[in-house]
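Chain nomenclature is as follows: A, B and C, assigned in order of appearance, with residue numbering initiated at 1 for each chain independently.
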């Protein structure tokens, strides 16, 4: 894996932005909400490496601070959907029968809702902010993860060594935890990595629409929408910079996930 | 009818260019059936495909291939297409993989004919007659069906019918019955043989089954590791194989009639064309190999009714005709 | 046999729609606060709340309420927006056409552009590399970022096409909705192109294509009749996924380009807390998604005769 240039490059990029986000207060040249309209919409300069937004706030700093929420949101979504999805999937594969049927039917219904619509309904119910969309998207993403893990788990469960463990008297939950889970972990990891990009975009879209993170908080999706009116005045830097960060991060996660998947296919 | 003249084929194997067929010279006369026999990897299938240049784009062909005097290698794309459309038909090994699964049998059968300009109706008439000839009843219904609705044996008959439909002069059959189960194999083979003889078609019949080739073909050519090692009339080859490899092949087949304590196998494993060194290709596994065999590659030469590539062929057969039990001509 | 298949697919579709509608309607009861307050948009006097409760028969049990709502929707009554004091139906009447136009326009771009690019990439080596790189970038671009880039280029610099609003009439909409359609279609076009390229290349290597070549069929016919036709199967199956993306993307694009459509109305309703409208529009979008998915599903069944035998 370490010899794969694409995997290394994308992995390093991911590591870099996580570090930047974590250490934002130490790395950002200015606080994210400091500025005045007098210095609004300035271009690249020595004082402001990426220029300023329409309120005079330093773009680079806002991008750095924005990384925190822009990465935290999808991370939570993936974490929740992975834990819930994997648990349901392995349980469904293990118990089969009516449990599997019920879980699959519920998944089918959830598949009918595009993630963004689900998030919007949640915001209508619970108000704007990150909480409602994150929970809604977590629910929305769970069936996708569950489906992938479930088929892998079913394949594992059918292998002879599982029946051997069962006959030896190992309790079901231990077989699941010690044997089924590690074997589906690889597929799980790939799926989670690839889904991160989608989650990031979905959540950024929610903020873009004004339904998620609220100003003056810094977040990439929100920055794209905040900078939009400035484009017509000839200052596209805020929207473009934030948009670029989103694209780069998504590309990095997609590439890394693809390399993981390729490596796994070889091992199979 | 067909002449392979010092045919050599290079393919890209694992990123490198390798010669997989070495100097194969073979002729098939009009109406004659020639069997091309050998183990897996011997190069028989590639030789067969080379005749109509059905090789991957990265392959290079050396030597010449002539059909009715015309060089196939020198043909431009239009002439090659015409050759495939009118003169030469190929029957493939696995009919299920080789027939488009989303189009009907009828479509498959008439495609070559409509490509030549015939109307759909006329083509369907021809094809219906052919389906009867290959033993498929209820042709009209079958034509409307899809490949997944037919058994392997039926599909192969369809493939044969499609080949016969263009009224070719030469048939190229690449292990046509290998993918079928044993009982279906003989049915389909009998039918193919009958149809061929009836129409007087020449055939190049690729198979790993020496017994089958002997039953159906007039002459048999044996390949090993990309080289042609023997080319004899079927009857004489069967009675007395010239090349040690052919003899060993014949001997290693379990016989239903004679009882023996154990099966004789040829020691070692079949080599691929690019694994052979200098000297005779079979030397590493040959019971009669001597120093000269390891050093110098024997050329294909006329010995009696057939051609053989072996330095010691006369000696070996003199030895074997002597009173001690031999491995050759066991049957 | 195909009819039986159609019937069973329709039944499954209906069940899914029903379940989804229960979820959407149930949101009203799952949300914090009582239904009357939610419907009133959060700022209403006790008198208004009482009037709403009476009008909507909110004292009745959930399933009775749900059933009333559903039958109303099926008869064309999407409920009343208490915020605007208008029937939801009339609120969205003018907007539906814009949304349909935009999504249809984007779909055409995706299918035609994606398949064409994919075919070129599969059949021509050098162009293939360039297209692969281009589509990888395109796939990573969220629709609103694509929108921003297009707006930057066309509104500020080039001024070739109008950037905001939906326009009127057919030609008006065509010119106004071109940039939005492209922004909406971009990532899915890239995805379709890559998918088409992979499917076509896989099909090119198949044995039945060799058979066609061995019989002397001309190249163009082999490509269309055997390669592309067969490759369409996996392409169609996966295309169902793009529909979900289109519906979600449509909401964002309408907002970005200030288009007066269902999507932007949904955003507005959510911000205004106009619950009745949110429910109605969400139902329409989800129904559209489920139905189109069902059609695509059935279409792939038609394309591949092998599936018909298996799935009855």
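Operating definition for what follows: a contact is a pair of C-beta atoms (placed from the backbone, for glycine too) under 8 Å apart; a residue touches a chain by one contact, two chains touch by 3 or more.
None of these values were measured; they are calculated from a predicted model.
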item: Identifier of the chain whose CA centre is least distant from the whole-structure CA centre; value: C
item: Maximum centroid distance from subunit C, chain identifier (CA atoms); value: B
item: Whole-Å gap separating subunit A and subunit C, where each centre is the average of the chain's CA atoms; value: 22
item: Approximate Å spacing (C-alpha centroids) for the pair subunit A, subunit B; value: 58
item: Shared interface positions of subunit C, touching two or more other chains; value: none
item: Sites on subunit B touched by subunit C in the complex; value: 52, 54, 81-86, 89-90, 92, 94, 97-103, 111-112, 115, 146, 148-149, 162, 166
item: Partner subunit A, residues of subunit C touching it in the complex; value: 16-17, 19-20, 23-24, 27, 30-32, 38, 136-137, 139-145, 148-149, 151-152, 155-156, 244-245, 247-248, 251-252, 255-256, 266-267, 269-271, 273, 275, 278, 282, 285-286, 289-290
item: Partner subunit B, residues of subunit C touching it in the complex; value: 206-208, 210-218, 221, 225-226, 229-230, 233, 303-306, 309
item: Subunit A residues touching subunit C - in the complex, by the definition given at the top; value: 108-109, 112-117, 120-121, 123-126, 128, 197, 201-202, 204-205, 208-211, 221, 224-225, 228, 231-232, 234, 236, 239-240, 243, 246-247, 250-251, 254
